[in-house]
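The structures come next, written out as structure tokens.
Each of the next two complexes has chain A plus one more chain, namely chain B in the first and chain C in the second.
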Partner chain A sequence: MRSLKQRLVPFWLLGPGLLWLIFFFVVPMYFMGELALYSGSLRSGFELTWAFENFPNALSGHEEQILRSFFYAGTATLLCLLIGYPLAYAIAFRAGRFKTLLLFAVIAPFFTTYLIRTIAWKTILSDDSPVVSVLQTLSLTPGDGRVLATSGAVIAGLTYNFLPFMILPLYANLERLDLRLVEAAKDLYSSSRTAFLKVTLPLTMPGIVAGVLLTFIPAFGDYINAELLGGTGQAMIGNVIQSLYLNQRNYPEAAALSFLMMALILVIVLVYIRFAGTEAFMGDEDDAEGAK
Partner chain B sequence: MSAAARAWAWLRHNALPIYAGLAVAYMLIPIVVIAVFSFGDTPKDKLTFTLDDGFTWEYWRTMFDIPELNDALSTSLRLAFFSTLISTAIGTAMAIALVRHRFRGKRLANLLIVIPMATPEVVIGASLLSMFIYYTFALGFTTLLIAHVMFSISFVVVVVRSRLIGFDRNLEEAAADLGASPLTTFRTVTLPLLAPGVIAAALLAFALSIDDFVISNFNSGTTVTFPLYVYGVSLRGIPVQVNALATLLFLVAVIAVSLVLVQQRRAERMAAVQPEAEPDGPIPLPGTAATQ
Partner chain C sequence: MVSKDRQQGGAAAVLAVMVAIVALVLGLAACGGGGGGGGDSSEAPTAKAGPVKGDLTISNWPGYIEPGKDGTVAEFEDETGVSVKYIEDVNDNEDFLGKLQPQLEQGESGGRSIFVVTDWMAELMYDLGYLQEINSDDLPTVFENMSASLRDPSFDPGRKFSIPWQSGMTGIWVDQSKAPEIKSINDLFDPKYKGKVTMLSEMRDTVALVMKAEGVDPAEATNEDWLAAIDKVKSAVDSGQIRRFTGNEYNEDLNAGNVVAAIGWSGDASIISNENAEWVMPTEGCVLWSDNMVIPVGAPNTPAALGWMEFVYQPEVAVKLAEYITYVSPVEGLEDLAKPEVAKNPLVFPTPEFQKNCSTQVSPPDVEEVEEAWQDVLTG
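And then the complex of A and B:
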């Protein structure tokens, strides 16, 4: 029997961090929920009236931006998967001694400020850049020949900015793949394509799901790409929340929208954790149960 | 075989590396653009894609000649320093508790650490602002510090925790068997093995803090950090010095991470003990393990 003092050790270690997260993550969520039930305006003052109608009202005004966020984040996630899977595969199995260097290249964007990277894309996609003239020659630009301020520019920015979040979980998963299983499939006369579809792909599904979540969630809430690379017709739900909070100061509506977004994401994440555990986010499998 | 067929065969054989190379190029393009532009003698208000106006060191020389930029940068560095210090200390303690101890509520603690990482930044920023509005708490350096520590903690826990899981506890037991006191064991065995993980976590926390725009934008009040400064000037043309500064920060980050990687490898070699090889033999000492 361990002494009480010994049993309290983990709580002393965890205490400061847990308190910080409770006071500055959980409690603020409560205040955001409460703020969503206020009514009034900045001029007349806000008052808690339990205005539950704020939730449907906030939604009904912004269907367009909500649908657009799903579409942009969904497309960007799909593109990240299409770009990231082969890259992660190549790093895991074909890179040889360049492995560390390639992984370094994948995380290199994190070493420059997010905002400055996105502004660099604004430069790359600006009207007089060579990239855009190539696209124009290939007739890949819309009617007026501009790339900036189109949905394509915003999706390209989202894809670029969240690509590492897709590649890293995919790589972690692929690296653990037992290649002998693929060899076995080929020994049993399956083609490369069948071996990939029936062995590699199902075994790396956890990495795919984790990557999709880690890409989709931040992309869905993002507003920098839409603001810098999009025009007035490309606003996402993040832009609405940002503008309602910081410019219009319509706190109740802003809080209602933000609270609903959190609820949606919490449901997705909890369903995922229910089936797959916290591994994708924690990096390693939780050995707590197996600890001696 | 015709030349075309040979070319096609070569292309098919090397499709994966080519694709991976293109993907890596896509990830590095904006960084290259930022670096190249820091040498471009271009008009201040316009970012064009040419260096026709010549190569110049001017913006590197005058990097620290813009007072507002200096203020923003020093605020960011101060903020990142304190945020790193607090979040690394708190997060390391949490990681130790999670890996080394068994206690009730561990699952809940894990959840509380994971969910902030899966929450869009706009929601974290908005919820904190909601709470600060409720308490009419003055926005500024303190609220920024609270927010930055909050979103860094989870990442610190993840990094240190993955390091601790791969940690061979036999080394500590060996030290204890050889008569080392718990404090000596911690100082001479645990800490040197743990250090690369803690340093990596601290670097990550520092980078997250320096880079953060969205959450800071909600909770900064009139305080201006480096990303907030860049955002402010992005509307009226960014001084080229920002590109030079971003490139400098990038180089510093690359060097810091390389040093950590080297250090980590060394620690891994040191800890590469294989007790199952000789279960009844003498306890392998850290220094000799790698040569076995």
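And then the complex of A and C:
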């Protein structure tokens, strides 16, 4: 009997997560999948007709926004990595007693909602703002001297909003790095650069992989930044789905497009993890043990 | 120590909970689906009248009422004792229907008893079976005071389901300190103002104005005329001429000084803080429309909703509102009551001469085709 109780422990522990997944993922997915196969319009009513043509229809004409989403999310992820890695490194090894304060500073923006922070950028980047005047003086603004309502503003917004998602996993990973390994490399006459490239970077790969996924996936599906900081010609695929749902009320096509985007992201993630190696993603416990 | 019985009981409880969850999920899945019935042919219900009391929730556009202690809502509350929740959550007709459609389809209004939507949207909502009919006997003040020109619109002759809230004109808000020379819609396409112009995402406003600029009368326009005008907007989008498409939030870019001109609505002065911004009647004329109070299906407390309509149609209430928001009031004969400077304001009391080139807002012949082309431009 005791063994039965023990066998049930995992279910108890999994329970809340499972419930969450069932109610907020499986059930909505089921409805969305069903909706994607409907046809009709709001006026004539929607009917389940197994309309698989919704899938190709949803893609056609939106290739540009899909590519744009890749470009924006990819650039933002790269920028996040370039900004986030040195920052996480500095917090982990060089911050001393300011470590907690700096970590707090990374998380602090979350105390204000995402939407408000993005709207604040509208003010910061408005055409007559001091920030933009400085950029104009330095000739860093594109053609017509504005920042707001350009691709640059959308990418900057994405980078800003998702930066903590990059920093935190990187930091968690760098924190665990055994500095004696770097010392050992230096003892063996490696330069700082080589020690970083051969020891630190490979050992922090799991953090990089996790950070890239946590940044890229939400950035790809984001529509707030393009909506608020972008102008015409900066719509991402999230904006297209929003327009299909809310403005055109073409629910089946919107559901089909959402599904395709989800599948696309899933494939990319799988390929990426395969490429980066599952150990890198999950964190190789054996290696960590061995290092100790 | 815990007895074996109790342990077994615990295990059984876990299993029972799991089974219940699975059953619930399957049940949900079974009763779900069916995304929208549409085309309800059954008779629309009629909004019930009765004593005006309780709570009332109203959805309206931003800057469309006098706020504060002396404002319209406060006065209504003082007079009737009704507690009003006034939400400014209509920014764009399409967006608003998109947000509420799933609830309306279920016969619910999200707690709202009144929406304010533009003529064509009121018609669409009525056709979809989302609105209640209004008995004119319940609204003596409204039907006594309503302007003659608003009594029999083509989409709702005799006003069976829509009561005008305000009327207005779509034209151009121009920042006079930056581009005083902008007088016509065609000026907005001048490369000089590249990236400094916004247009409304409302197709029936923006595209109609562009057609007028091309010399096409929207009332006579064919689908090809609409699509040609959309093409013209599209090339302006591609060249970076048009900064954004907006709903009522076009005031933001205008206030921040980001644009020199925006296609916008005549009475929004109360939400435009840029002192240099001025509404300009385009040389090719404006688009005329009305926004209407409608009572959705499932609206709680319809007596209070009817009470609100009666209240705002009293000339002394209407004139105060008109003076504040500077749209065209649906109540007749306010000129004599209004302050002299308001009585002279052509945006509040437009003369036929002022509106001579204007066209009433219309929908394209084939709404679906044109709408799709337009949405492609908006999310280009």
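As a convention for this text, the second predicted complex is superposed on the first by the 245 of 292 C-alpha atoms of A that agree within 3 Å, B and C clash if a C-alpha of one lies under 4 Å from a C-alpha of the other, contacts with A are read in each partner's own complex, and residues count from 1 in each chain.
Please note the rule applied: a contact is a pair of C-beta atoms (placed from the backbone, for glycine too) under 8 Å apart; a residue touches a chain by one contact, two chains touch by 3 or more.
The model shown is predicted, which means the values in this text are computed figures rather than measured ones.
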item: Partner chain(s) touched by A:232 [first = chain B, second = chain C, both, neither]; value: second
item: First (chain B), second (chain C), both or neither touched by A:251; value: both
item: Touching partner for A:35 - first (chain B), second (chain C), both, neither; value: both
item: Touching partner for A:128 - first (chain B), second (chain C), both, neither; value: both
item: Touched chain A residues, chain B compared with chain C; value: B
item: Partner chain(s) touched by A:4 [first = chain B, second = chain C, both, neither]; value: second
item: Touched partner set for A:48, first chain B, second chain C, both or neither; value: second
item: Touched partner set for A:80, first chain B, second chain C, both or neither; value: neither
item: On chain A, the residue positions that both chain B and chain C contact, one per complex; value: 11, 22, 26-27, 31, 34-35, 122-123, 126, 128, 245-246, 251
item: Touching residues (chain side chain A, partner chain B) in the complex; value: 7, 9-11, 13-14, 16-18, 20-22, 24-29, 31-32, 34-35, 83-84, 86-87, 89-91, 94, 100, 102, 104-106, 108-117, 119-124, 126, 128-130, 160, 163-164, 213-214, 217-218, 220-224, 228, 238, 241-242, 245-246, 251, 254-255, 258, 261-262, 265-266, 269, 273, 278, 281-284, 286-288, 291
item: Residues of chain B defined as touching chain A within the complex; value: 16-17, 19-20, 23-24, 26-31, 33-34, 37, 47-49, 90-91, 93-94, 96-103, 106, 109-124, 126-131, 133-134, 146-147, 149-150, 153-154, 157-159, 161-162, 165-166, 207, 210-211, 213-214, 217-218, 226-227, 230-231, 234, 238, 242-243, 246, 249-250, 253-254, 257, 261
item: Interface residues, chain C side, partner chain A - complex; value: 4, 7-8, 10-11, 14, 18, 21, 25, 28-29, 32-39, 94-95, 97-99, 101, 127-128, 194-195, 201, 237-238, 240, 242-245, 252, 256-258, 368, 371-372, 375-376, 378-380
item: List of chain A residues in touch with chain C within their complex; value: 1-2, 4-5, 8, 11-12, 19, 22-23, 26-27, 30-31, 34-35, 38, 40-46, 48, 61, 64-65, 122-123, 126-128, 143-144, 146, 148-149, 231-233, 235, 239-240, 243, 245-249, 251-252
